[in-house]
Amino acid sequence: MEIPHIKELRRAYGFDEVAIVPGDVTINPDQSNIDFSLGGFNFSIPFLASSLDAVSSPKFAICIGKIGGLAVLNLEGIYTKFDDPEAVIQNIAEVPQEQATPLLQKMYASPMKDNLIGERVKEIKQAGVTCAVSVTPANAKRLAPIAIEAGADILFIQSTVTTARHLSKSSEGLDLSDICKQIRVPVVVGNTVTYSATIELMETGVQGVLVGVGPGAICTTREVEGIGIPQVTATLDCTAAREEYFHRTGRYVPIITDGGMRTGGDICKAIASGADAVMLGTTFAQAEEAPGMGYNWGMASFHPALPRGTRINVGSKGPLEQILFGPTSMTDGTQNLAGALKASMGMCGAFTIADMQQADLVIAPSIKTEGKYFQLGGHR
Amino acid sequence: MEIPHIKELRRAYGFDEVAIVPGDVTINPDQSNIDFSLGGFNFSIPFLASSLDAVSSPKFAICIGKIGGLAVLNLEGIYTKFDDPEAVIQNIAEVPQEQATPLLQKMYASPMKDNLIGERVKEIKQAGVTCAVSVTPANAKRLAPIAIEAGADILFIQSTVTTARHLSKSSEGLDLSDICKQIRVPVVVGNTVTYSATIELMETGVQGVLVGVGPGAICTTREVEGIGIPQVTATLDCTAAREEYFHRTGRYVPIITDGGMRTGGDICKAIASGADAVMLGTTFAQAEEAPGMGYNWGMASFHPALPRGTRINVGSKGPLEQILFGPTSMTDGTQNLAGALKASMGMCGAFTIADMQQADLVIAPSIKTEGKYFQLGGHR
Amino acid sequence: MEIPHIKELRRAYGFDEVAIVPGDVTINPDQSNIDFSLGGFNFSIPFLASSLDAVSSPKFAICIGKIGGLAVLNLEGIYTKFDDPEAVIQNIAEVPQEQATPLLQKMYASPMKDNLIGERVKEIKQAGVTCAVSVTPANAKRLAPIAIEAGADILFIQSTVTTARHLSKSSEGLDLSDICKQIRVPVVVGNTVTYSATIELMETGVQGVLVGVGPGAICTTREVEGIGIPQVTATLDCTAAREEYFHRTGRYVPIITDGGMRTGGDICKAIASGADAVMLGTTFAQAEEAPGMGYNWGMASFHPALPRGTRINVGSKGPLEQILFGPTSMTDGTQNLAGALKASMGMCGAFTIADMQQADLVIAPSIKTEGKYFQLGGHR
Amino acid sequence: MEIPHIKELRRAYGFDEVAIVPGDVTINPDQSNIDFSLGGFNFSIPFLASSLDAVSSPKFAICIGKIGGLAVLNLEGIYTKFDDPEAVIQNIAEVPQEQATPLLQKMYASPMKDNLIGERVKEIKQAGVTCAVSVTPANAKRLAPIAIEAGADILFIQSTVTTARHLSKSSEGLDLSDICKQIRVPVVVGNTVTYSATIELMETGVQGVLVGVGPGAICTTREVEGIGIPQVTATLDCTAAREEYFHRTGRYVPIITDGGMRTGGDICKAIASGADAVMLGTTFAQAEEAPGMGYNWGMASFHPALPRGTRINVGSKGPLEQILFGPTSMTDGTQNLAGALKASMGMCGAFTIADMQQADLVIAPSIKTEGKYFQLGGHR
């Protein structure tokens, strides 16, 4: 029997469920160029560091900036609430696991200090690298001018789900179109996961869109609130919006896939799904230069009433330069990420990120047959 | 080769297989209203407590009633069979696991006492909260009048699968149309899982329908008898029946999804699948106020010849108020269920349950990649 | 790009992947009749015991025959090779696991004794129950007449895959049409899994067809030889052949699903997939009356060059009568199989096996979310 | 909402996800012929040994050549870099796991010695068996003439992904059409996984194509670089290209499926997917005659900057002859591979590999239900 008006469910896919099809033409990896451009700023690697306090300290921002990437400094966290953020992080890193969430809840209840915002931005700028900062929609109007005044180059406005048509109880809701016009630096906004919401965000004038909400099956956003789209489908949909908007307006707004990537393979798949760049959290939290002392935590993990996620021991995997460019003795895809991307692009005959966005993907079984295959990893 | 007349199999989906798509419009969570109305009674939360003896004691019914929900008292269990139900439950809670099923079989073989039915109903009514009671179809004619006489407000008629056209060997089978006409309180009936059976149940005049038969892959109904429909598809189908019936008759019969939900995310998905409310068992059995002393058992677990399910140690997770409204330090989706629902509705731009029923769902991979993703849980 | 002439792959389903949809009409379980008829013989339960030496001894055949079922005696195994089969089985049961396959290979290398064939058949017949015997195609011509002479009522001709058009190097291949005409007892043949092969087998005049080749994902036939069809699809296809053949010829040839069932739920699904009866091995090997002393092994486990499967410790689960009819304190679906089937038929409104064959099936997620759902097993 | 120009994802399948459908005609296994022909050379078994240093030593090549198969000697590894390869392998086998990758990186950094190339080839030829050698595209022009001069019969040109249109920075890239014309021995090339790339490779004049890139879900090529196609789909696609090319040109170019097979069942499925032969690595590394001393490693595991895969302890499973032809007491599908293939072909009524390529496949559940089914392995 046909059921009238039944809601249709579309299948969405995550990184573990797809694989990239090699091309009919191949090139040498060293012929691939992985440059990325955002709001007029150029980067030699399409990797951004998340606006997490265990990742993007001013020092880390300088470090990744000098080797071609971009870190986004959270203006509402440890670095703008405390004069001595290292001490706070050490405290967070040292408490037993069961005390971590209450401690995070307590520390993040402290107020931001306007003077620290300026200081952190200036520290980054004085090192000569591009400075990106992140605010939530609720605080954008107040905090953004301070950071820009201090020299910030790019403004990220981020919440779990951000739409151009957010309806707030207060009449003073954030109008993205206004802020894009008023503010003299490029605005990047997120996160979003749908075609239509991406189109609407682009129409406000933003210069970049972050994609990713509840990407993983056990993501706490999905567990706690039921919300989420597997990251490959989210990227495919939002980059389709970028193409549609570009063809209609001539303006190209880069898509940055944010979340759920762990290996070089996941990053390659994000690009093959259409992304211009990827934003990585835990990968960079594992760098020796990361401020988190081997730990990481999210921006919802200290929510006073409904915390999601908690402090995680991510360990330390080596210097940032090795994580990005190798050489490595690790064989699990967590090091030499730029090398892995270039190798993958070589097998797809992709000279540029734009070429790699055209690579074919297949849905490939994600079921792991433990111990079944001996993985010999192909030829050189 | 085409095989003639082969039976076609439709794919059905469970909570773990879907995710909610955020909306093009978002609102603040505190703008969401989660009121629910059943048979003329209004509730400020769309959460019902199952008619299980380890959950819905008279005391628990009063407790949840006072904070906006509804518990359904089983008229064929411990509370109407024994003068001192606490002692019986303590006995059940204390025996070793291998003796639990035989003890349950023995205890539930005791007869119901009519006087206790009245006493239990009156205890709830005297506290000033709505009183719902549950009977099986076989006992409905005998027990319902006693409960209603004592003041019961809503009658639930429940069996594993209930149809409007049940054919009984005895000529005295239950005619739902008759009972809906004769009885002066609203009748809610269940469980069912199909479009056509739901339509037929609504046509008997019932004021609510419970949805859910063998929802989980390891549900004992499915294991023992092969019967079951994953809960998302069951809810989608039965709420499609509600819409069809409503458009044809103008009468709106709420659908209550019953079973298989464990987290806030599951509840949000049930609503996004079209449910008006959800019925929870184990979630409430884990409340400090629940009578089960950290245990729970089902209404088929003491079947004399074919018991399904057994006594389960569910533990205690905190006060009911915290489970429903937080604040919480738990990050696994089992506390602050109302907050989680409102947060989810906010991301979907849903002001009401009726709005949330319109949210899009995708089929999202349920395969868990253990330890792969560090779940940071999005932004605030 | 469209690939020309690519082989199309159809999706096949197993028991763990489907669930039965309850009906729009329900009946009381005791109104269901589960009679089964094969080659003119009637049985009160549609359960056959496999022709495995650890299951169907003459004694077990008598035991199950007296309570309404049918066991099939293997004419090429322990019972016809040895005067004292109990001693041989005890020997098999007692050797360490690593010696089991070599011992099986050695014991089954012994020749059959014609006199024992007659004795075993007579033992069963003298008890007044129907006697079914099983031979391989290669030995059918020689062994069948001996057994029939001794009184065997039904002849099963069984190999892993049996077709009507088997091409043998020797000119003396088995012609099923000939044997069906020459032999004066009904012939049941198997195993098969496809629509077309079933049609061809029915056209030879056989009175029953066994369905099942490599049903499980880890079935050794599938692991070793790549061959196999999940059992629900195999049953759907072969019962579609039965319907087609019946509509064309007016002759109804029952389908017996053989293999892969463990619980009452699996049996119910086999019937809902169209089967007239099921053949069970391990379920009956677990009966106290089974000859295997808590072990079971297959007919390919002693292949001299390519053994598949091995001796398995299946344990003992209770008396046959309890396994078939309960009452039980087990809640995992392995006892009271007749009661489970009747309960399931009640929920589908099925008065007969023929009714139950019409029940709807859905594809339901087989992914187990360990510890996630507390299984309360519905209402009484 | 329909999303314009969204990239479509096709579903690809691996060995664990399919099963072979038995035929309407069956034959006796000993009627099956599994001959294989490559570049004018005939082999009595369609099994090739991979060009891995732990598998295809000169001695192993002689051993498998004498019983009807073919091993491919790697010209860029241990045997051509070191005078005493056994000592090097012993060293690799003896270091602790964490030192294995660095040691491999160090050993493989040694240069090839031209004189050793000739010596190794001559050793094989003097034993009277067919000699196949493998080179990477970058070294093909330099190394191939030396090997052919010494008597090599077949040249394999192998890299992870090989295309006819590889674009190299240097002007001296390898032109496959040129090499096929210039070299007087048949050229086999790989690996590839797509229809179009296979067509293009065949058009260069090669006499065989190797299929397989990142076949398994946890294959390191897929983990590190995101690239890969499950092996059944890759084989179906590339053998469809073989058919198309054959129908157009009359030239038949065999497809050799390389990678991801572990059991006889996997091999049978590769043939049923259209392959003419299979290339096995670990299976042969487990032979007593293999040089790896119970270990195996891949050709990318010693990449200086991005190693993929590592040294794996594969153990020893018995003599090569037993692995290929049995008899065996193993029941897991890893021994008597020729016997398993013939048994499978018998059930499909396949007299030849070409017949077996026509067998039907179904998509069968790959989800393992641990301990659920007792696998009895069918009848004899």
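Residue numbering begins at 1 within each chain, and the chains themselves are lettered A, B, C and D in the order written.
Definition applied: contacts are C-beta pairs under 8 Å (C-beta built on N, C-alpha and C of every residue); 3 or more make two chains touch, one makes a residue touch a chain.
Just so you know, these numbers come straight off a predicted model, no measurement behind them.
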{"item": "Fitting chain B to chain C on CA atoms, where both chains share a sequence, rotation angle to nearest 5 degrees", "value": "90"}
{"item": "Self-contact between copies chain A and chain D, residue sets same or different by half", "value": "different"}
{"item": "Distance between the centres, which are taken as Cα means, of chain D and chain A, whole angstrom", "value": "39"}
{"item": "Chain centre separation (chain B, chain D; CA means) in Å", "value": "56"}
{"item": "Residues within chain C bordering two or more other chains", "value": "13, 16, 196, 366-368"}
{"item": "Chain D residues touching chain A - in the complex, by the definition given at the top", "value": "1, 3-7, 9-14, 16-17, 52, 101-102, 105, 136, 158-163, 165-169, 191-194, 196-197, 200, 213-230, 233, 259-260, 262, 281-282, 296-301, 303-310, 312, 314, 366-368"}
{"item": "Residue numbers on chain B that touch chain A, as the complex places them", "value": "13, 16, 18-28, 30-31, 195-196, 236-237, 240, 243-244, 263-269, 272-274, 326-333, 336, 339-340, 343-344, 347-349, 360-369, 372-380"}
